[in-house]
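In the two complexes that follow, subunit A is the common piece, with subunit B as its partner first and subunit C second.
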Partner chain A sequence: MRVNRLAVAAVAILAAALSTACSGGSEEPSAGAASQSAAAAGPVKLTYWTWVPNMDKIVAVWNQAHPDIQVTVSKQAGGDDAAAKFLTAAKAGNPPDLVQAEYQMLPSFVAADAVADIKAETAQVKGEFGEGIWSLVTLGTDAVYGVPQDSGPMMLYYRKDLFDKYGIKVPKTWDEYAEAARTVHKKNPKVFLGTFSSKDPGWFAGLAQQAGAQWWSISGDAWKVAVNDEPTKKVASYWGGLVKEGVIDGMPYFTPEWNKALNDGTLLTWPSAVWGPGVLSSNAPKAKGKWAIAPLPQWNAGENYSGFWGGSSTAVAAKSPNKAAAAKFAIWLNTDPQALKLLIDEGAIYPASVKGAALMTKAPDYFSNQPDFWQQAAAIGATARGFTFGPDVNVTYNAYKDAFDKAVAAKSDFTAAVQSMQDATVADMQKSGFSLAQ
Partner chain B sequence: MTATTLPGSRRHARPSPRRPLGIVPTVVLVLGAIYTLFPVSWVVIAATKSKAELFSTATFAPGTGLLSNLADLFAYRDGVFWLWLLNTILYAGGGAVLSTAVSTLSGYTLATYRFPGRNLIFNLLIGGILVPSVVLAIPQYLLLSAAGLAGTYWSVLLPQILHPYSIYLARVYARAAIPGSVLEAGRLDGASEWRLFRQVALPMMTPGMVTIFLFQFVAIWNNFLLPFIMLGDDHTFPLTVGLYTLLAAGANQPSLYNLIITGTMLSLIPLIALFLTMQRHWRTDLSGGAVKS
Partner chain C sequence: MRSPTKGARAGRAGAVPYLFLAPAMALFALFMALPIGYTCYLSLRRIKVSGLGLGKGARKEVFAGLANYAAAIGDGELWAGWLRVLGYGALVLTLMLGLALVFALMLDATHVRLARFTRISIFLPYAVPGVAATLMWGFLYLPSLSPFGDHRFLGADLVTFSMANVAIWGGTGFNMLVLYTNLRAVPREYYEAAKIDGASELAIALRIKIPLLVPSIILTTVFSVIATIQVFTEPTTLRPLTNTISSTWSPLMKVYRDAFVTGDLYSAAATSMVIAAISLVLSFGFLRIVKNHAFGEGR
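Entry: the complex of A and B
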């Protein structure tokens, strides 16, 4: 509750700043050169806000090798609150030099002029990342607002043992998934094939991406908002139908009851992202070796698409006095083989860089039954569709939680909930002064 | 607190016409106690469960993981938990002492002196009580940033020193506990105003000060939003914000539930200890104030 109020308050304060739209960053071409001369003067001290576990150990390796650029890690609470806190600090004029920025939050940082364009510094590492990932830090513009760190291509986690028990096959299409949901629930009314989470807008956004949704796009100087586009409505009405039918549960992810269901075998699948093993091994340790992964079911047989859920980049604050040094560190952290290895081993993340993904060879302990886990994950990751996030994703996401909470409880029309997401997003962008294309 | 008197009165088992409600107050109080203690007992029991047991065993079945939870918590990032605990004690202890000092002096002044603007100041303070501190957190952050203090220990201490409700309490208490004639007598004997405050008023106000200290200590101990906004460096975090970084570990990292619950349980202990030791003063205070006013 308090945290929500914080987010609301921070957003209110920023409303004025947001009205300058998305043309920030690019107006400081000389900043890099200026801070380079500052770097020569003595050891540069940088602060870095992140929530990656053990980041202090990774940074210690950098500090050892770079006595002239010393980085201090400050571990923060992750997610939306971190974004609100960074925006407030940037507004007040004392942000950290480096910040972990989730892809969906980056546009709001850019709109508030809180992060710097590091295009010149990152030119030589562009090739280390896939097209889809790179577009998440350029936002489809000429500028570069961060170095991609981790990504979350989506796949289907399923209970292999229970699939055999109930006699169902791994669904190749969403139609087969629906059919399997009916079969399972008929055989045992306590058991569900899956659940629709009204608390995880990022998850829904990933499924919509898979269907081909484009919620935001930039045309000329104006934003185009299409949260209620056809693919999104298709996804919503599909899940809404299953929830109404009662064959898909409506409990949110990451709750104690969900953890319990993962443990006692009353939940058979979880369409999730590549970082799923960490969650499963922590929340359902007893089911070790019983889960397996497969590509997400497809909308049309023969297709091969996925979406992203989660992932973040390392961005440089626009007000940092040492932008060049900060960019140098961000590049090292996310592209240097030694750093990538540390990110994988200590930080337990799935690196965004192509080289990093190739370093993942040994399957996670929890999935020791699936030795080719990372090879499969990489193949699935290559099918993830690109996406552009807008400058007020937090508003859209909050609207998702409000509208789908009610829709799941009432088992009402899910496409109406999508419409209210669209309305809230458009209303907020108009209020903040963005020009919108029709 | 009330539990100590109730069994005694029931031991004189004569049917008493003076208590027409009979057992009803006891039942209400017992229900109240259960209502408040239920979540606490959940925390204590959940803290004994290991990761595997937390979501799979019955809610009130004790687990076997208390020692490993404690070991994990103390080992987490080289024992940062202890640093957070020390920070919390500094914020809550230092903040409560400073706040009590300011409140006592202001309350005493408002209660015993007549000066122009006194009512205006007092009414402003009353108005201040109505403003929730949550609303002030972000403006305070912007102000302290402008002063170059954001992110320091002072940024959490300073905003919590001036607490309108405590000043109000101190004024009410000073008015009831310090008879004007005592101060008059002191003045006739030639005591300075400062000496009157130090040696006459302060001892009389001690129980009230304890109340203010406890209120402020608990409020700062539990405060989340202000330190969350003010502090950037995780080595200056108090427990509330520190434990929150374990909970909101980002979308793709599991929350460290068992460490959070164990940490929460440990953070309750100093508060309980403080209340048990200071409880006596608090009772004197409430009755003292009641009789004299």
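Entry: the complex of A and C
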């Protein structure tokens, strides 16, 4: 019975479909032609790969105001996976028109000929960004490969309430940080001042930048690779010593275990970037109002430096058929006051544009206990120094994970891990044929 | 009358088999031969960068000969990966298939209560997607979240066992069902005859059921060997949670890393060809060894 009814329904649907198809073909040729010509003159359609939260809401504002350029957001997982996906799509010939490109990945994108030079389109907005940030999208060349979106100057997030409880002061130098780590762990063996994450090469790169490292540089027509330079080795042996001593934990960031430690007060600090509040509010909701920020501890008393962890630009794919429209959107998104406000409020982003700082007035909800959060962040941001990223950061970062995984598990020499990052990076560049300076 | 019709019929018969074959051949060509051929082509190429490698035309694809194969075969990490997978596979194969066989025999025994419920509950983990299962176990393994106390399940000495456990948990039910279904197909008269001869349940299991099951056991073994060689989901999903699993823990993870993390599609292609060759040798080698047991009876 049921089968019969289903069959009847199927036949009816089929018949209906056929008849409409026929009528569409025979009776309305003019309508078909009209829609075709409308498509040719219709709005430019752009796709945009990003992992900024609520970007669809921000794009909706653009789409409303620009009926001729319609942008569709495709939400990405973020990080290394997103970069790999974009490179693969570019190689396969169907990349999105616009892509969120982390600064350290941009050289890889450029080397793979996956992003377009938008120098002409961006000439009038160059002044909206600081020189340090701008150099991250030019790679020190004459070209411009993206519009800076946000930056990630690093600072120290700490549990204010527990610092009081354990009687420690906010460390001004890394020596004081080490001393505090010993004190805390002695008072309560379950509690750690911090943890060394072998899964976050970007974090380690930021700490190395603070110490003055220059992993890559261009001399003439050749790359110079110095992942194992003295500042980096200093940072590595400092953390390696504390992990070996057992006063700094070795669990990676962004794991369920880490979330738990952030929440329950067994982890007291997180040297992180300005985008930290978003992570803390979603991963450690219970600890709201208990965290505060301070500048990173310094290597020498009296110094005032920071590094960058993360930060991205909006790049236009080299294979996009609508580069001009895509560049127009990228510029709007990252320099228009309305867009910047949306990026701050909806996307929880710290804009790279100098206009952005003025728009950040109200402290993030999670840090309502620290009303001057953004003023402090801006002061810290001004002290951050970065370095040039090379064309195979992905290889270096992967080597970081493998080498430091082993070093943390075995509590062995961290400078050896740095050396294997250097070796992997150089070997890969040699294999591909890059010119290397000694 | 005879000769023309015969010719026509023969001609028609000649075309018809090809017509029937066409869909399969087209699908095979499109989805097997073509990708394999392309992988083979890629494995013989490489990227040649000049100067800084920035800007247009700085990067060219050139013929590499067998260099990628030499690098793949000469890479110690690949063979270390094979060793790790061998240890993991030995655990998974023996425990998973052993358990599957025991469960199948127990369910097939004459007096079983709750057989249906037990069967479904053993099979159920197979219905859980690999990533979800691994994440669930991963959470259970983490010391601070684990209900099993403060053991380092993902530490260097236990991590292989922890990973094998996920595979065994997920795969036992499927293999049990294959074996159990085959057991149900055995005519009950065999058992009656054995009972009349005075055989116990255990003797029936050992002397009748297991010998009859040998072809199915071989089949499930071959499937499991292939699945083990391709192990990827469990270690990849657990990797962010621990620092004991490297990006090249298993051979397939190395292919993934080369292709999508470090962006060297050409090395990845060569390594996949090597892996394909090894798994062909392993699975056909195993089949050859046991061929007489499995399929020789019919002849």
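Keep in mind that, in the parts below, the second predicted complex is superposed on the first by the 396 of 438 C-alpha atoms of A that agree within 3 Å, B and C clash if a C-alpha of one lies under 4 Å from a C-alpha of the other, contacts with A are read in each partner's own complex, and residues count from 1 in each chain.
Basically, a residue touches a chain if its C-beta (ideal position, glycine included) is under 8 Å from a C-beta of that chain, and two chains touch if they have at least 3 such contacts.
All of these numbers come straight from a predicted model, not from anything done at the bench.
J.: For A:K199, using the defined touch cut-off, is the partner it touches subunit B, subunit C, both, or neither? Pick first, second, both or neither.
T.: second
J.: Go through the superposed model and pick first if A:D392 touches only subunit B, second if only subunit C, both, or neither.
T.: A:D392 sits against subunit C, while subunit B stays out of touch.
J.: Would you sort A:D161 into first (subunit B), second (subunit C), both or neither based on which partner it touches?
T.: In the superposition, A:D161 contacts neither subunit B nor subunit C.
J.: Counting only touches as set out at the top, which of subunit B and subunit C does A:T88 meet: first, second, both, neither?
T.: Both: A:T88 reaches subunit B and subunit C.
J.: Of the two partner chains, subunit B (first) and subunit C (second), which one does A:D175 touch, if any: first, second, both, or neither?
T.: neither
J.: With the two structures laid over each other on chain A, which partner does A:F254 touch: subunit B (first), subunit C (second), both, or neither?
T.: both
J.: Applying the touch criterion given at the start, work out whether A:D413 contacts subunit B, subunit C, both or neither, answering first, second, both or neither.
T.: A:D413: touches no partner chain.
J.: Touch test for A:E346: subunit B only (first), subunit C only (second), both, or neither?
T.: In the superposed model, A:E346 contacts neither subunit B nor subunit C.
J.: Could you give the residue numbers on subunit A that contact subunit B in one complex and subunit C in the other?
T.: 85, 88, 91, 254, 256, 260
J.: Quick check: in the complex, which residue numbers of subunit B touch subunit A?
T.: Listed in rising order, the residues are 51-52, 54-56, 77, 134-135, 137-138, 141-142, 145-146, 150-151, 224-225, 228-229, 232-235, 241, 244-245, 247-256.
J.: Please give the residue numbers of subunit C that touch subunit A in the complex, ascending.
T.: Where subunit C meets subunit A, its residues are 47-56, 58-59, 139, 142-145, 155-156, 240-248, 257, 260-265.
J.: Quick one: in the complex, what on subunit A touches subunit C?
T.: 80, 84-85, 87-88, 91, 107-108, 110-113, 139, 141, 143, 198-199, 218, 221-223, 250, 252, 254-257, 260-261, 391-392, 394-395, 398, 401-402, 404-406, 408-409, 428, 432-435
J.: Over in the complex, which subunit A residues touch subunit B? Could you list them?
T.: Interface residues on the subunit A side: 2-3, 5-6, 9-10, 13, 47, 49, 51-53, 56, 72, 74-79, 81-82, 85, 88-89, 91-94, 96, 102, 150, 152, 202, 254, 256, 259-260, 263-264, 273, 275, 278-279, 281-286, 309-312, 348-350.
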